[in-house]
Every structure is written in C-alpha cells, then in structure tokens.
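In order of appearance the chains are A, B and C, and numbering begins at 1 in each one.
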Amino acid sequence: MRSLEIVWTLLVKDLRIEWRQRETLASVCIFGLLVVFLCDFAFEPAGAEALRLLPGVLWIAFVFAGILGFNRSFAAERENACLEGIRLAPVEPGLIYLAKLAANFVFLAVAEVVITFAAALWYNFSFFPAFKDFVTIVFFGTLGYVAVGVTFGAVAANTRMREVMLPVLQFPVAVPIFIGAIEATSGALKGAPPNLYWSWVRLLIAFAVIFAVLSFMLFEFVLEE
Amino acid sequence: MPPDRNHNDSGLEAREVSKYFGDFPALKRVTLRIAAGECALIYGANGAGKTTLLRVLASLTEPSAGEIWLGGRKVDRRTVALKSRVGFVSHATFLYGDLTVEENLVLAAKLFGLSSVRSRVSAVIETFGLVDRARQSVRSLSRGLQQRATLARAMLHEPDFLLLDEPFTGLDSTAVASLEALLRRLPSQGKAVAFSTHNFAQGISIAHRLVAVERGRVSYDGPVASAPAEYSLRAPEAEVARS
Amino acid sequence: MIQFSKMNRTSWTSVHALVTLLWILVALYLALIYAPTDVSQGNVYRIMYIHVPSGWTAFVAYLLVFLGSVGYLIRRSQTADDLACAAGEIGFIFCSCVLITGPLWAKPIWGIWWTWDPRLTLTFVLWLLFAGYLLVRGFFINPGRAALLSAVVGIVGFVDVPIDYMAIRWWRTQHPQPVIFGGPNSGLPFSMLLTLLVSFGAFLCLFFFLLRRRLSLLRMRRDLSHLRRELAED
C-alpha cells in the first residue's frame, strides 16, 4: 500500500510540474507534428502510398517526441539535485522508476494523441475502423519504449552530450519496438485479419514486460553514487 | 543484522571510510562517530572532503571502502527504513523550482511517510518563517528563502541526525540567528548535529566538538576548547583575505 | 619438462601468443588450401572462414560483457568491470570485422553490397549496441559511476539481443537459411565444417589473447592508480 502511495505521490508531482511547464509538452507536440509534416515533403504520399507510409511516419514522430520527453524528464530532477532529495527519503529506488515510467507514459501519450490527430487530418485517413486495435498497439509499443527510455534517460543524465547519448543507447535496444509496432500498426490500419498482426502485439507486450521488470530491478544501481 | 554490541546504539558512524573519485581521493580511511546530544563542526579548506564526508554519512554517496553504521546497524541497500533517521542539508536545495514551497514540503513529508503531513508541514513553515511564501513557487524565491525551505525540508521528519553542509549560505542575519539557535537547541533534545561552515568563529560558537578535515583525513577530532590554535589561525579572516 | 606451476604470467602470455599464431596458421592453411572450392561460389566463399567466426566471436564477447556487468553489480569486483570493458572493446572490433567482410562477400555472390536480411540487420544492431556501450563508457562525468551505469547498459543491451533476433527474423522471413543448422540443402560438407570450426577456434584463441592483454593493461592502470593513491595518502 505504502509503495502504491509513493508511486502515486511521485507521479502526481511529475504531472504537476509537467502542467506548470506546459510549454515543454506543447513544443514536443509541435516537434512531432513537424516530423509528420517533413515526411510529407520527403515522400509526397498519396492514395494507397499514404496508407503504406503512415505507420512508419507515425512511429518516427512518436519515437522522436519520446526522446525529447525522457531528456527533459531528468533535466527537471537535475536542476536542484531533486533526485538526491528523493533518495534521502526511505523510498525503494524501483518505486522511483515506476513513477517516472508512468509520468513519461502519460506525457508521450498526450503527444501521440496530438500527432495521430494531425496525421489523420493531413493524410485524410480515418483511424476509427481499427481504433481499438490501434490504441492497443500504441499503448504497448509506447509502454515498452518508455520502459527502456526512462532507464537510459537516467543513465544518460550522467554523461556529457546526454542529448545525443540517449538516442544512441535507446534506438538499438528499441529496434523490436520499431519493427513490431510498425508492422502491427500497418496490419491494423490496412484492416488485415487480426491473427496476421497479433503476434507483433504479443512481441510488444513481452518487450514491455521484460524491460519494465529488468529496469525496476536495475534502477537502484542507476541512482547509486 | 544483529546490533553491534561494541558500540552505543544511538550513533551515526563512518568506519574506515574512503572515497575515490577516479584517482582523486576525497576521503582516506576516515573513522568518525557522531552520537546523540552532540554538535560537531566539520571544518576544513575548500576541497578538503567536508562535503563528501557529510554525503557519505547521509548515504547519498556510496563509500569506495569502509562502512557506515547507524543506530548499531550497518547501512546498506536493505536498510532503506533507516534513512528517515537522518536529515541532510546540501549545497543543492532538493526543491522543485516549479512547485510551491508547501507542495515541496508536502511531497517530502509523504515520501518520509509522516502520519500527519499537513500539521508537520505547517509547523516547519511557521518555524522557518515561510508563512508568507508558502504558496510561492520555489523558483521565484531568493537564494536565502530557498535555503530556509531546504532547512524546513530537512527538519520535516524530525531526524535524529541532522547533517548540514554550509547551511548558512545566503541566509539573512535573522535567519542565521534562528538557525544558530536551532543548532544549539537540538543536541539538548537528544538529537545529533554535524555541520560544516567556512566561518570558523561562528562554527565554534555553536559546536562543542571540532572535526578538522584536511586533504581527506580527519586531522583533529575533539572538544572545541582544546583544539590547537592553528585551526583558528587558518580560519575565516585569513581565508577571505586570500580569496 | 616445463614446470607449469612455476611459470609466471608473462610466460603464459607468450605461450598463449604462440598457440594463437600456430592456430591461425593452421586455420589459414585449411581455409585457403585444404577446404574445397565451392561449386557455385568459387573461391570467393572462403571469406566465410573469417566472416562467420568473427560473428560468433562477437557474440561470445557480448556474453562476456553481460557476465562482467552482472558480476560487477553483484560482487562489485573491479575485475568483472574490467572484463566487461575489455570484452566490449574487442568484441566491437570483431563485430566491425563481420560488417566489413559481409559486403565484400555479398557483392560478388548476391550482386549487392548490403541487404536488410535478418542476420545482417541483427549484426548491425549488435554493432550499434557495442558502440553505444563503449560510447557511454567514455562519456561519464563522474568516473566513479562509470562502472555501475555501463553495467546497467550492458545488461539491458544483452537482454535485448534475443528479442531483436526474434523480431528481425519475423520481420524478414524471406532470407537465406542459416549456414549449418538450416534445411537439408544448406548443410556444409565435412571438410568445410571442419575448416570453419578450426577457424572459429583460432578466432576465439586470438580473442582471448587480446582480452588477456587488455585486462592486464587495465590491471596495470589500476595498480598505478593505487600507487598514486597511496602516495597521495602519505
């Protein structure tokens, strides 16, 4: 019970800070929109071509928005060594991880809603036919991506050039997410029978669970000095 | 972990603690015990190891060698609960700039698992003269007011061992006087205090015990009254003149 | 008779160097002269005896990075951290070797330098994981935390490899069968298999030789820094 309370307290704290600096969230959303926008120039998709490119474009935008989010999430903690302040309290490090995971998930989810909405508009595409599957795929894909991103964000916060270091660490590890999420999304959006892309969703779920548990266990070493 | 019979249960100890940052030795086999009712001044030049010593005692920094014992138990990863017996004031404020003073304190109170969050928070806000500022965001406060909030945060859970690293930084004369009074009062309430300051005269007017740190070692540890004269000679005026 | 028990570290290293050299010569003989010319690929295929063992050795290296990282987190032994660091550096070289010899082999056979086939993709991901691991090791602000945090990176990366492998395989199912354990048509004749295994042995021997040298260099650095510390303490 106390564990849940602590995670909740830390999550509320993060979301409150997020809300006070909503310019950050707004800029991340705009950045995501720009990615979609630039892809439009790069590929000039039209008709069936648009449907083929859309999943990739969406996930590229999600992935870049996410990276910005993870970096910023630990910048707020670094400012006055707040993470150390939390470490002074009798709080298990794994709980700090779970709270960060939840906060970054919410942050990225908001950005994803904005990006998806814009993409639907610009690509003249309706997400409604496959809405439930699309949401499931994005949910687990994002969860897995954030599960690794929080850990590497905390690691990269200790390095020089952290803004570059984070994607260098994060992207190779997140390859299964990219593949699985893009394949599943394109299956779902094309209206393929679910059994054709559902194995990708299972891969996303497995990835999310494995890396959330692993990071939960490793986070005390990330925070240790 | 069986309690250590050879030692009084109430102390916070560093046993043979060394800390290296790469090749740089910040602490070299330091053994030190701070017991209830004591007020110790950790004194030394810049870079002597005062901050590292206090951070190691607060379990923020893992020693490269040696152990930290608290209340007769060795501090390690399994003794998370012991952390609520220690309070620490560092150079960094540990406060979120985007939250108000009150929100920061409520957060800390919840993390420490205090039962009466609201009343404790309003009590420390009162004590540290932050009533007018409680609803302002920390970022909008001056360094001195932030320092008061930091002190309030450290005192929130009424720690048995209060460690303060340069706590007087940025405080105005009223706040300095009340902090001095607090540091003098705590030992008589059975608490232990260890603090560092560059102002030697001010330090020894508060502390009964002097722990002099020189290049990572404790060079003197004993009553302030019997400290060698050299320490007072090296202190504040000389240092200010040099800088 | 050589008195093995009396041999010191230096002479063991010399023995290791000699064995490595001889083994490489044997492997070269097998690869260039003994092994038959491939019916369809001609002599070009012989690069396989460098390409495939490098890849396997890179995987062994990554396993050692993982073991060293876990060992460091659990026991806090500097040797474990040294092992992870050295295996990471040398593994990176072997992995790069795979990525260089791969296109050299692919161009004459497939007519293209590169294709995103599962094994190529996985090797590239492995190379990226090595590179990330080494970069992060080099960029820590506080050296005291380097071992700890790079161990975390090493473990997360290692756990990721099999998942990467599965994902990439499913992604591109239209790829050539694995060389040995694939379908009946891809089986190697005994002479080629023997050559491949002897080459793998030579590469492993070379890998462990380099690993020893790197470890002893790291140990010397550490000893030196201990001496500096002791001097600083006096």
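Quick note on the criterion: a residue touches a chain if its C-beta (ideal position, glycine included) is under 8 Å from a C-beta of that chain, and two chains touch if they have at least 3 such contacts.
Owing to the predicted nature of the structure, the values given are computational and were not obtained by experimental measurement.
Novice: Comparing the two chain pairs, does B-C have more C-beta contacts than A-C, or is it the other way round?
Specialist: Of A-C and B-C, it is A-C that has more C-beta pairs in contact.
Novice: Which chain's mean C-alpha position is nearest the mean C-alpha position of the whole protein set?
Specialist: That would be A.
Novice: Based on CA centres, what chain would you say lies at the far end from chain B?
Specialist: C
Novice: If you average the CA atoms of chain A and of chain B, how far apart do the two points sit, in angstrom?
Specialist: Computed value for the inter-centroid distance: 39 Å.
Novice: How big is the gap, in whole Å, between where the Cα atoms of chain A centre and where those of chain C centre?
Specialist: About 32 Å, centre to centre.
Novice: In whole angstrom, how far does the Cα centroid of chain B sit from the Cα centroid of chain C?
Specialist: 49
Novice: Provide the list of chain A residues touching at least two other chains, using ranges where the numbers run on.
Specialist: If we look for residues of chain A contacting two or more partner chains, we find 224-225.
Novice: Any chance you could list the residues of chain C touching two or more other chains?
Specialist: 142, 144
Novice: Where on chain A does chain B make contact in their complex?
Specialist: Residue list for chain A touching chain B: 2, 5-6, 9-10, 13, 16-17, 20-21, 76, 79-82, 84-92, 220, 224-225.
Novice: Within their complex, state which residues of chain B touch chain A.
Specialist: 58, 60-62, 77, 80-84, 86-88, 90, 92-99, 103, 107-108, 110-113, 137-138, 153
Novice: Please output the residues of chain C touching chain A within their complex, sorted ascending.
Specialist: Residues 73, 125, 128-129, 131-132, 135-136, 139-142, 144-145, 148-149, 151-153, 155-157, 159-160, 163-164, 166-168, 170-171.
Novice: Inside the complex, what are the residues of chain A that reach chain C?
Specialist: 148, 151-152, 155-156, 158-161, 165, 168-169, 171-173, 175-176, 179-180, 183, 199-200, 203, 206-207, 210-211, 214-215, 218, 221-222, 224-225
Novice: List the residues on chain C that touch chain B in their complex, please.
Specialist: Contact set of chain C toward chain B: 142-144, 225, 228-229, 232-233.
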